[in-house]
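Heads up: the structure comes next, in structure tokens.
Should a chain be cited, it is by its letter among A, B, C and D, assigned in written order, with residues numbered from 1 in that chain.
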Amino acid sequence: MTFKVDTSISPKRSLEILSQKEVENLRVTSKSEDSLHALFRQCALAILHSGKTTDDAAAMLDAYNDFEIDLIQQDRGLRLNLTNAPAQAFVDGEMIASSREMIFSALRDLIYWQSIRQSSSEDLSTSAGITDYVFHLLRNARALVAGELPKLVVCWGGHSINHEEYDYCKDVGHELGLRKLDICTGCGPGAMKGPMKGATIAHSKQRINDGRYLGITEPGIIAAEAPNPIVNELVILPDIEKRLEAFVRMGHGIIVFPGGVGTAEEILYLLGILLHPDNADIPYPLIFTGPASSEAYFVHLHEFIGQTLGIEAQQKYRIIIGNSQQAAKEMAAGIEAVREFRIKQNDAFYFNWALKIEHALQQPFDATHENMAALNLSLELPKHELAANLRRAFSGIVAGNVKPKWVRHIKKHGPYQIKGEPAIMEPLDRLLRSFVDQKRMKLPGSEYIPCYELID
Amino acid sequence: MTFKVDTSISPKRSLEILSQKEVENLRVTSKSEDSLHALFRQCALAILHSGKTTDDAAAMLDAYNDFEIDLIQQDRGLRLNLTNAPAQAFVDGEMIASSREMIFSALRDLIYWQSIRQSSSEDLSTSAGITDYVFHLLRNARALVAGELPKLVVCWGGHSINHEEYDYCKDVGHELGLRKLDICTGCGPGAMKGPMKGATIAHSKQRINDGRYLGITEPGIIAAEAPNPIVNELVILPDIEKRLEAFVRMGHGIIVFPGGVGTAEEILYLLGILLHPDNADIPYPLIFTGPASSEAYFVHLHEFIGQTLGIEAQQKYRIIIGNSQQAAKEMAAGIEAVREFRIKQNDAFYFNWALKIEHALQQPFDATHENMAALNLSLELPKHELAANLRRAFSGIVAGNVKPKWVRHIKKHGPYQIKGEPAIMEPLDRLLRSFVDQKRMKLPGSEYIPCYELID
Amino acid sequence: MTFKVDTSISPKRSLEILSQKEVENLRVTSKSEDSLHALFRQCALAILHSGKTTDDAAAMLDAYNDFEIDLIQQDRGLRLNLTNAPAQAFVDGEMIASSREMIFSALRDLIYWQSIRQSSSEDLSTSAGITDYVFHLLRNARALVAGELPKLVVCWGGHSINHEEYDYCKDVGHELGLRKLDICTGCGPGAMKGPMKGATIAHSKQRINDGRYLGITEPGIIAAEAPNPIVNELVILPDIEKRLEAFVRMGHGIIVFPGGVGTAEEILYLLGILLHPDNADIPYPLIFTGPASSEAYFVHLHEFIGQTLGIEAQQKYRIIIGNSQQAAKEMAAGIEAVREFRIKQNDAFYFNWALKIEHALQQPFDATHENMAALNLSLELPKHELAANLRRAFSGIVAGNVKPKWVRHIKKHGPYQIKGEPAIMEPLDRLLRSFVDQKRMKLPGSEYIPCYELID
Amino acid sequence: MTFKVDTSISPKRSLEILSQKEVENLRVTSKSEDSLHALFRQCALAILHSGKTTDDAAAMLDAYNDFEIDLIQQDRGLRLNLTNAPAQAFVDGEMIASSREMIFSALRDLIYWQSIRQSSSEDLSTSAGITDYVFHLLRNARALVAGELPKLVVCWGGHSINHEEYDYCKDVGHELGLRKLDICTGCGPGAMKGPMKGATIAHSKQRINDGRYLGITEPGIIAAEAPNPIVNELVILPDIEKRLEAFVRMGHGIIVFPGGVGTAEEILYLLGILLHPDNADIPYPLIFTGPASSEAYFVHLHEFIGQTLGIEAQQKYRIIIGNSQQAAKEMAAGIEAVREFRIKQNDAFYFNWALKIEHALQQPFDATHENMAALNLSLELPKHELAANLRRAFSGIVAGNVKPKWVRHIKKHGPYQIKGEPAIMEPLDRLLRSFVDQKRMKLPGSEYIPCYELID
């Protein structure tokens, strides 16, 4: 049974003052499927659902199909009226403060998207234009803080990891927090929640009242990876590529916990950047870490990277198994090197302008059968291009595994055909099989039916 | 002799993070007369000059024609390099904090203007579009604060008043501050500084640490009425009409001190709004006050208003002479009525959306001889239209008195010809003569040569 | 192996400014066993050891017998020099902020004890005098906060509970924290840490930055129950009775988790107060709660209380098994009743002056064989006196179980002889046996050898 | 006519939590003349009267002889009931926040005196004991702030100076405030208010929200020199000598404005300390400054000091006439030297422990005819002893001029006979005559009748 609540909330902070026109644009009366209101309703629902873990976003959305949220201008400003909201976001009838805040954060970002769309000031057809867009959105969300030393650690990893992995994530977060570092994740459960929880306790011990637990998400993923309530800053980017760019330009270092094919996609995205010749001299601490029982995940990844992108790529990260303290210590040292580098280069601390991200990596990849078949996977390519193409392959597999549109496509047209040299296809096959063996692929039934075929 | 200083400053607060493109747009290299950079340089110079009082803005600008300000992106963000800056903004070589803050406020507003100009989201051809523009600019400047009770008193009056009037302004500000009210002015010297100074001392006595001393200005006036250093929030609107709308929509009540023809213009602008039939039921406390020695100024104004706009217009304000405590008490009571009204109407406290301002009052008035001659000044007009036209007449006279472009025009083409019914022209003549007698007209030499002729 | 660290720390906050005489009194040169310095050294060592759990305080003290702490007056005030300090209180060589704060809290309290001892202003021979002493010590520690609504929940229970019980304590703390309640405990591990940890996460979700995690301890217990690092306010009272009075007068409600004979002692102390006729009308929410697997503990206690103190005593508390949300909800409701009562009575929120605590309950109980044998345990006694005597019996058993001095006494003179009516001795015997069965007695070897004999 | 108000106030801050016994001790029922309640009532009345300037404290006390203040314990703590309080401390019926705060500060200090009196921990018969007493009282008042750089400037001077002198004091305070320095004065009107007012405006310009305006007073002077409402920290010491010691040990530098014989007394007190051989190497910035029109005051003082205490004494201060900026600049430089010295010596910044103050200077001087006649005024004495004796002479003259008890004595027994070497008596005579000429002696009628005779 599903408990539901009707309520009405108003912002506690002053960021969310809207004009009458902005309110009109977001009101329930504008009903179309991809209207701003529909997007806002979906984000709000995911936020309110954050206590519960579910892999089946569709089922969740279904259970609350009578949920509604509307804006009204009222005395002393804006109010939101909610009907049939998930009860778990409430304590004795009152909405938990973090949920209320996150709903207004979503509102803020969606209104900003709209103002940008109507503006000619951002040219999204160029690489620089996209970077500017990401910058402006983060600035509008007050996520870029001048005058702060580098201390933001991005944590990536699976949202449905096992208990041991979760506890390890908490430990790493605790060790990072003791070293006064902040946490940024994709803001769902699992490896995205554990580090924040550990850091919260550690920041409390270190008497840090303003620790940041920054969640960066996008509408396509927010329902499946609902923001956990520890998140105290939420930013919603318009799509997955801008979200990845936000991670990479805001973070001062990245820790990767065990995950699945999605985590592999993120790693390849990052290697695609770090292997670019223009970025050769920019320090970027990158650590793969997990409990001893998860060693296999990283062993297979490491082998795959070695066989396809070579030893150079393997130099871009460190693997630390079963030692949360060591992982945090090395990250702290790495961030210190970032600080020194930025000072020497007169770079800002809050946004990594210097990093070259090719236009190709900024573009959404459309996982059609044609695009998948056309991927150029050859050892002849410059390493950063090969990494970018491998990232697209993983992106397609994620889509074919879980995104409804592409799942239907595959049912109709058969699995994707991914072609490439044997020297790449064979390691790729081994890696994907290891994910299946470790049960890190999404399992619709008891057995994983691959959405792809690898063709040498 | 003029002391000058070279220095470099960076923002203390996090509002002022710029993208690389924004920095480029504001760099010194873009040299044209009305470039963004030229505007910024002019605002910065006025801010740095704020300690000194001068009526002769041109002379000031001239004395610092070698002043320059440039932006550089540097470690931990933005820096501004200043060369040949006025020494009075510095203490032992360090810029006074309020000056530094105000320069970054100017930067913030100018960058916002530019982003708006390039956007299609604001339609400045409609009344609602202009109001939205004012709203967005104030929001971007964080001047709209949700969750605060109404307590912002706008103070208008002359920038070059006598010592007795200045002390009285301070007294009224002190009494307002003791009643925990905040101050908003046009941010220059005289009646724009006195109330802030008095309120600062009173807020200190009342242990109010976050008192607001809000200055609202525009580029055409900032050099002549340089922001006084008490101002702790500075907002620069693009022109005089938007500045007036900002005063009227943000303020919860208005106090008018003695001034000159400019102050008369402001009063007529406000009466043009308050006399509009749509605004008949909206409470708006309005008090004219000054020391006993300045009674004549208000007596003449009151007579003029009675003779042209009638008794109804005289009901819109209260005149209180020589009693600063009484003025503050009545303002506090009036603001309490505003609070009750807004709650009943579900209106926001921070922006007076309900007030109808006709498009005509939102448009800049171009003081050509033709426009001045064509003004319709007839008792037949609805009172709020007559008030609007009288406001234009005063606006033209201000321009003809002090704005270099129009001063030159008049030298060439002779004085403005203002035509109207004798029932209006005669009181207008008496009022303007009284200003001359009281030495409230700007005096280029020893004798005031009117820039206008009144024609029945 | 034991890692040790030498370091030097100074206070971050301004509370701890000492005179030169005060510094001299605490310097290492004053070497005697019960010198103020020896007490301070012992408290500091316990605080630094807080990460590790140990039941064997003696072993811990032994392992760090070369630990030393000394005070020096230095530029910008006081510094402490530490040598051979436990490494676990440090992160990469820097002391964790909470440990540093707690050491200065201990310093503050010990200096206050000394100033009180030298003063004639507190008369510790009267009940009112003892209450005043507790009040002044808490005030000096800034633990009494005017203007705050009642929201401090005292949590009692064992320091070495099982994993399931610990998780349940965290859950209850989380539910209390979601209801914006603060936590006060004896500040050791187990049931004293869990609720604070849960509340920390919940306060973070509710965006509460100033949640209180108040630890109240005394020198005799601090080594065995070292303050956990979540504690953000530490107060050290001079003995166990003043510590109990501090709990009871500061708390707005009490939750009891499973514990051992020490927890039973605390319950009887509290019933001794609540059953006093003068306190009949004073609301005091009291909840016994634990996971389903711990039900037996409360069942046996409940029976014992019924059989000795009667149904009236059973009305003073509520037992809630396996429902952390319900426990928190009822506590919140109970505290609301406290708020209303205090307002009606014009009582302060921060200190429960109204509660009558008899002088007998304020006096340390000296667990000699004579005193134990002389305890009057008879159903004839007024219930609150019987409760007070039973509390003494439990206090003696705790001492005989764990306190070195009394353990030696018993080795020499044989077990305590506790005499009383069979109607009391039999339930007491059953209760104590149940503690042994549940392994809630301290076990020096594999089998518990009772330190007492019950004699009808 | 005198307007009076009945009201009831409670503390906004948490410092003022009292025990029931403390409340009883201060209640109105304890009626004796020098009861704690009588002292408290007198301090409260002076605080409430602070807006008005009066030289005639007796008349003021008389006008409010029906004023009463009582303490009641109430819901959420303490309340004070006031009847027939001076209306000027209220705005529209509500007490000004600074007055409310200062009344609770007085309460805090008086309660602390009492606790000290009942304590044996302070030995007031030794020099170290008195210094400890001053330290503890200031610490209890939270006036000693660790971790702050030296920045407290003590300003001395007359409370009834002329308008020009007052404006100059404001200017100096403004220049000090622009240099981020704080102000400490005797907390009355005139030279004790002006610097605070100037610094308030300057701190506002420098965006300093936590500027300190510290007032240090004592019960014998508080009625005549009522704390001005700018004071945001008030400390009441028990007598004039402890007040002087508080100034000298807390201040990082002292500025002396024109005053009268009381100001001369303060200067000689300070020279008595600075000339002590033990203090020879301790930097202590001391500046005498006033407007050009007040030059005579300092010229006569300077001559007198040269003729009696010699050139060495003249090296201890700098005289700066008519240049407020220069005075502030030199004080800032002097304080920088203090900072460096304290760091080198490992001295605290918040309390000048190093300064030797002889027991003689810490003792109240009883201005009997015998004591005055017995003063040893000889050039043979060590300079610091002669300074101390001269200070006593001035202290006696102040008492004979204004303190009711000694005025009566002189009426009965004739003027004091002050004896000494001609080389001292003659300069003393000239100095005192110059004070009379400059109208800096208190004038009971139109002509000053000296309370002393100088005898060679």
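Convention: a residue touches a chain if its C-beta (ideal position, glycine included) is under 8 Å from a C-beta of that chain, and two chains touch if they have at least 3 such contacts.
In UniProt terms the chains read A, B, C, D = AMP nucleosidase.
It should be emphasised that the depicted structure is a prediction, and the values quoted were computed from it without experimental measurement.
The chains that touch chain B as well as chain C are A, D.
Averaging C-alpha coordinates per chain and comparing to chain B, the farthest chain turns out to be C.
Note: centroid distance chain B to chain D, computed from Cα atoms, is 45 Å. Separating the centre of chain C from that of chain D, both taken as means of CA atoms, is a distance of 47 Å. Each chain gets one centre point, the mean of its Cα atoms, and the points for chain A and chain D are 64 Å apart. Touching of two or more other chains is recorded for residues 12 of chain A.
Taken pairwise by the contact criterion, the protein chains form one closed cycle in which every chain touches exactly two others.
Interfaces, counted as pairs of touching chains, are A-B, A-C, B-D, C-D.
Within the complex, the chain C residues that touch chain D are 11-14, 16-17, 19-21, 73-78, 115, 118-121, 128, 132, 135-136, 139, 142, 144-147, 342-343, 345-351, 353. Those residues of chain D that touch chain B in the complex are listed here as 12, 91-92, 96-98, 101, 178-179, 197, 200-201, 204-209, 213, 229-230, 232, 329, 332.
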